[in-house]
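There are two complexes below, and they share subunit A, which is joined by subunit B in the first and by subunit C in the second.
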Partner chain A sequence: MVAEYLYYGILLFFSTGILSVIFTKRNVKVTNYIAHSIAFMGCFMAILCAFFVFFQGELNLVLPILLLFGDMRVRVDGLSAFFLLIIGVIGAATSIYAYGYSREYYGCRLPLMVSLYNAFLLSMALVVTVHHVAGFIIVWEIMSLVSFFLVNQEYEKKTSTRAAYIYILMTHVGTVFIISAFLLLAVAAGSMDFGQLKGVLVSDFMRNIIFLCVFLGFGTKAGIVPLHIWLPRAHPAAPSHISALMSGVMLKTAIYGMCRFFLDFLGTGPMWWGVMILVFAIITAALGALYAFIEHDIKRLLAYSTVENMGIILLGIGAGMVFLSCQQTILAGIAFSAALYHVFNHAVFKSLFFMGAGAVMQSAHTKNMEQLGGLIKKMPYTAVCCLIAAGAIVALPTLNGFVSEWLTFQALLFLPQAWSGMIGKIGSALLIALLGLTGALAAACFIQAFGITFLAKPRSKKAQEAVEVMPSMVIAMGMLAGLCIIFGMWPQIMLRILQQALVGFTSIDVTGLKLQEWYLLSFDQGQVRGSISIVGIGMLLLCGIVVAYILHRKFGKEIKATGETWTCGIVPNSHMAYTAMGFSKSIRTVFKNIVHTYDEILVSTSDNKYYGRELFYHVRIQYFFVSVVYRPINEAIIRTATFMKSIQTGSVQLYVGYIMVITVIVLIWSTRW
Partner chain B sequence: MEILLSFIQALGFILCAPLVAGMIKKIKARLQNRKGSSILQVYFDLVKLLNKDSVISSTVSWIFTAAPYIYFAGALVASSFLPIFSFSGKGLGDFFVLIYVLAIGRFFLVLASLDAGSAFGGMGGAREMFIAIMVEPALLLSMCTIALKAQTSNLTIMAASAADSPFSLAYIFSAVAFFIVLIAETGRIPIDNPDTHLELTMIHEGMVLEYSGRNLALILWASAVKQMVMILLFVVLFLPWNLYDSANFLWLVMKVLIMTVVIAIGETSTNKMRLFRVPNFLAVSCLLSLLALVAQ
Partner chain C sequence: MNLLIIILLITSLLLTRVALLKTAVNIILIQSFMVALACGIEGMEAGELHMYIAAILTAIIKVGIIPYALLNMVEKLQYEKEDHPILTVDASSIVACIAIVLAYGLIDQALPGADSRDALATAVAMTLIGLLLIMTRRQAIMQIVGLITMENGIYLVGLSVTKGLPLIIEMGIFFDVLVAVVVLVILTRRLKLSGMSTDISRLKKLKG
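Coming up: the complex of A and B.
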């Protein structure tokens, strides 16, 4: 019962948040505080609602909204509650963050932005809870449209508008596939209710078609390579707390949709479903990490890193599907737990880093890493939060990213159990190796992102004048940084929640993961065994630091002298420090077959040609999929349009002529038979 | 309890690691017809450095100070996972954990190299990450050859499974593959020259160029531990016979000695390769691992 009231509370708060701006629009400051506070309350309700569902069982209710297609049924089961929890946690943090961050937008349509912000949260909460085909498609579409307007917030900038249009185009291409998948199922089931879609009898051929539609449709939203092109454009264009929500939460609704279909509706499929997901997932992960590394716009870098992490999540899902096809329920449970754990972790650490990037942007007014530097001294708290986020993203042990990556590794290692023979073994080894490559690329990428942004000397005047951001922003970042540490040290907490979330699905068995002991995470089922103790690793790390400290202090008090960095006798300046472009140069060289880069060196000679020359080094990256896939499509559309233009002149007489010709042809056609 | 015993094992590693490094140096010197310094020279160097004052750049932040501690702690944790005694690393972690624990130290050390804002540090850090990116898949592939056979990532069971089978083609392939990774991971010739101090060729040395005194001592010591961890990982996985036997300790010392001789011979008979040849070198390792999988 309580969960029901809490659910209504979520809807009520977010709706109030949308409308509240009407009453407070005279004073933007009041709008900022009131609307974001209401959003925070709504998110808090979402967290509570999720926990009540975990402890008291699922929630069923019918929303009193009249649809042409019957009642709009809402059902919050474990899976929905898990995603509702993510929306709540990240939404709460971004709402607090927005108090300070929205100051940027006091002169730039703030009321509209906060209203859309609430609408965005509301639509995402509905997407993961509505259990009705038409209702789902409607709220999915609302979510896409609202996020389109949020990406287009600064529509004076041409890049923003362009990014927003590419985003809306791509997301609609995806929606076509999603609608097809739903309708194919709904027609076969004769019902629009999610409950009736389960286990519908459709032919194998149709099931494969539905699977492909689901994969392409939700894959576009999730940013699978090569459907990812909207991501690195849309994320930098949106305000930072919106990017945090989009990357952390909105993309995850695609994973929700996939899980709903694969675990609930479609039932056990053939093995090639899983293998196909694995192949696309590993390409997505590796290319995402590679593109992130060669990027030097910090928000684009984060967007590509999101692509990479979606790849890791899909690796878990793909492995789970392979196990499902062979009825390996326990291994499927581990694989899906890994995927969903990574969903949560990625939501936390990526939102955290986006917020950190937003703080840097607000303070230094640039997102180009090459102009930043030395911020660790100006913004110490932001720096620590970003360091924790970076550590979690590259999966350092004792931070949360590591546990889910470890579980993914385990799932991949046991792939030969389901996929027997030589191919299975080699496939498993290659996937593990490529995931390792992805991890190493991500490590290099985030060392670059943190090191160039926060360390060394300030590379521009803007960076020199940066100051620490508002306390509310630091608090929001601190909250998420704390979650990174807690869920890294004690993965049992989140895995227990995940067991509650997945226990309703009979095709997988999540009880294989043993979480009874507070320090140990293990699974042991005949051939399948493994264990890890993050707390133990943490304790050993601490012991190691203590030993190092003892060695360090044993020889009396250290005498330290301060001097300038050694630069061969020249006075050091910020231009001597390594740049992001230099840091990734060797990788660009090695992977030049995949990322085509063109280095351009411009020399502008002054009067004296031996001294005072200015050198500009510019790198242009050509993306393989843009030039191979998208540009030809683009050109074909434009060619067709040009061709149509010559037929469509606008003269009424000509159109009458067309109609007559067609009528004559039809008449002849019809009389012949 | 197991954590405590593993910790004691790690302390043992810390004590012995400089000796292994000294032995390699000595053997190398003898192979080059030099007398060479004493085997204990690495200890003397460490003590000397620990007694020295430090010069710290005014540009650096707390990351620079913290990095040596974390690098040291990472090496220590990694060494506690190796299944040398029956208790060690039981349930604590597996080879994925071992690799990622070593990555913690690298992560902070590369950050520290960027911290001082000198071109040398950045160059060293960038190259270190470049090699790490290439090594990671090769390392995982060579481990997978054994892990997939043992059907677990637990190092103890992997070692036992490896000891079960006699010398086979697959084993020789994967041993060679892992040896290449070992060379790359410990930063030895032909990938990196641990003795060079020429700015344009050094990788690891360039990264730690700004360090002096005690901080440098900690980093050098941790590097020695890391090298010993990799050597013993090779011993445990690829020469695993008589692991828990009565005379096991003597055997272990023998095997480590063999490894040091092999490394020293390898190092004297080749020269450092160009940086962009490294991917090819590691591709050989990957290919051998895949062959090993096929031959299994």
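Coming up: the complex of A and C.
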């Protein structure tokens, strides 16, 4: 009962937030505070609602909105509540963050932005709770459109409009597939209600078609690799707290849709479903990490890192599907838990890093890492939060990313149990090796992201003048950083929530995860067992640090350096530190067969040859999928359009001629001559 | 009735051969008059009052108002003339003949053994010839003439298939044609004012 009121509370708060700007638009400051406070309250309600659902069982209600095909049913079960929780947690943090960050947008359509911000949160909350096909498609579309407008917030910039255009194009292509999948199922079930779609009898062929549609449709939103191109464009274009929400939460709605279909509607499928997801997932993860590493725009880097993390999440889901196809319910439970755990973790640490990037952008006015540096002294709190986020992203132990990646690795290690034979063994070994490579690349990437941004000396005047951001932004980042540590140290909390989230699905078994021991992550069920102690790791880590420190004190000779002779008398300056481009050079060389880069050196000489030359070093990256998949499609469309244009001459007579030809043909055809 | 149909066919064929706008309008006047007459004869055969009303309305609008407006217009366009049609007059006459043959073939195929076979075929042929005129002539007035020919053809189809449409529908059709012609006349006048000519192939310039 309480959960029901809380749910109405969510809808009410967000709707009020949308409309509040009408009354407060006179004063942008008031607008900022009121609308974001309301959004925060809505998110708080979402968190409470999710917890009430976890403790008291699922929530069923019918919204008083008439749809064409029956009532707008809302059902918040464990899975929905889990995603609602993510929306609540991340939304609350971004709302607090937005108080400070929105100052950038005073006098720049702020009322519109906060209104859309509330609408975005509302639409996402609805997407994960609506249990009705038509309702789902409508709110999904609203979510896409609202986020399109948010990406297009700074429409004076040409890059923004271009990014928004590509985003809306890709997302609509995805929506086509989603709608087809839903309608194929709904027609077979004869009902639009999600409850009726479960276990519908459809032929195997149709089931495969529906599976492919789901994979392509939600995969576009999730950014699996050939369909990821909108991500690195849209995230940098949007305001930072919006990017945090888009990357942290909106992409997760795609995972929600996949889970809904794979666990609920479609039932267990053939094994190739899972294998296909695994293959795409590992490509996504590895290439995402690689592309992230060679990027030097911090938000683009984060966007590619998002692609990588979506790959890791999909690895969990793919492994789960493989286990499902062989009725390995316990292993499937572990795999899906790993995927959903990583969903939550990624939402937390990626939003955190996006907020950090936003803070850097706000105070240094650039997102090009080559112009940053030395910010750890100017913005210490932001730097610490970003360091925690980076640690979590690269899965350092005692931070939350580690737990979910460990579970994912475990799921992959047990893969041969379901996928028998040599291929299974080799396949799983290959997956593990590639995931390891991904982890290593991600680590290098975030060493670069953190090191170049925050360490060394300021590389430009902008970075020199940076100051710490508003307290509200620091508080928001601190909240999420705290969560990173809590869910890394005490994974039981999250595992308990995950059990509640997944317990409703009969096809998987989540009782395998042991929750009794604190600080310990373990599962044990017959043949399948594994455990890892967070405390143990923490102790080891601590020991390592202590030993290193002692060794350093004991044997490390202090080198006294006076003067700066080796620099030939020049005081060390920012030009001597690593640049992002230089740091990634080795990786670019190693992977030059996969990532084609063109290094260009521009030399400008002055007339006086004793004056020296100025060198500009520039790297152009050629993206494989853009040149192989998208450019040919683009060219084909343009060619067809040019061909079609030749029949549009502008001559009235010719148009009438077309009509006449058609008329005669139709007349002849109608008489079956 | 057959005589009327023959006259209608001849007028349609003639329209493909005229170059002077005034002659074209006169021919359309005769054609419309014949249609009105056909309507009256139908009404006489069926013995229904509303057919007479329809015939009178046809006469007023198509024989009276529209040709009057067009003639008025043509008076002002003294130097305009269908000089170089897209399809030469001879070629368009031949195409019109083909259209007539095609129409007969179509009607035989679609409605074998229909009572009013000739009327139907003529109606279809007139529609096609009207389209042909719109397609191959450069002068705006000739376009209007083509439109009215088409409209006459369609009216004739309705007449011969149903033995008279309900009056309200006929009123609708008349009103439609009247408005279309009024709009076209106004547009033609504007065209003359702004383009110094009513040659619509100049409209190509408007394409972006």
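By definition in this document, the second predicted complex is superposed on the first by the 628 of 673 C-alpha atoms of A that agree within 3 Å, B and C clash if a C-alpha of one lies under 4 Å from a C-alpha of the other, contacts with A are read in each partner's own complex, and residues count from 1 in each chain.
What we mean here is this: a contact is a pair of C-beta atoms (placed from the backbone, for glycine too) under 8 Å apart; a residue touches a chain by one contact, two chains touch by 3 or more.
Just so we're clear, the structure is a prediction, and the values are computed from it rather than from any experiment.
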**OP:** Determine, under the contact definition given at the top, whether A:Ser533 touches first (subunit B), second (subunit C), both, or neither.
**Re:** first
Subject >> Partner chain in contact with A:Gly544 - subunit B first, subunit C second, else both or neither >> reply: first
Original post:
Per the overlay, which chain contacts more subunit A residues, subunit B or subunit C?
Top reply: B
**OP:** Based on the superposed arrangement, let me know which partner A:Leu455 touches: subunit B (first), subunit C (second), both, or neither?
**Re:** first
**OP:** Using the touch definition from the top, say if A:Gln653 reaches subunit B (first), subunit C (second), both or neither.
**Re:** second
**OP:** Determine, under the contact definition given at the top, whether A:Thr663 touches first (subunit B), second (subunit C), both, or neither.
**Re:** second
**OP:** Considering only touches as defined above, state whether A:Lys377 meets subunit B (first), subunit C (second), both or neither.
**Re:** first
Subject >> On subunit A, the residue positions that both subunit B and subunit C contact, one per complex >> reply: none
Subject >> Complex contact set, residues of subunit B against subunit A >> reply: 3, 6-7, 10-11, 14, 50-51, 53-59, 61-63, 68-70, 72-77, 80, 91-94, 96-97, 99-101, 103-104, 106-107, 110-111, 114-123, 125-127, 129-130, 132-141, 144-145, 147-148, 151-154, 209-210, 213-215, 217-218, 221, 275-276, 279, 286, 289-290, 293-294, 296
Original post:
Mind pulling up the subunit A residues that touch subunit B in the complex?
Top reply: 373-374, 376-377, 387, 391, 394-397, 402, 405-406, 409-410, 413-414, 416-417, 422, 425-426, 428-430, 432-437, 439-441, 443-444, 447, 450-452, 454-457, 520, 522, 527-533, 536-537, 539-545, 547-549, 551-552, 554-555, 558-567, 572, 574, 576-578, 582-587, 589-590
Subject >> Residue numbers on subunit A that touch subunit C, as the complex places them >> reply: 648-654, 656-657, 659-660, 663-664, 667-668, 670-673
Original post:
Within the complex, which stretch of subunit C touches subunit A?
Top reply: 86, 102, 105-106, 109-110, 124, 128, 131-132, 134-138, 143, 200-201, 203-204, 206-207
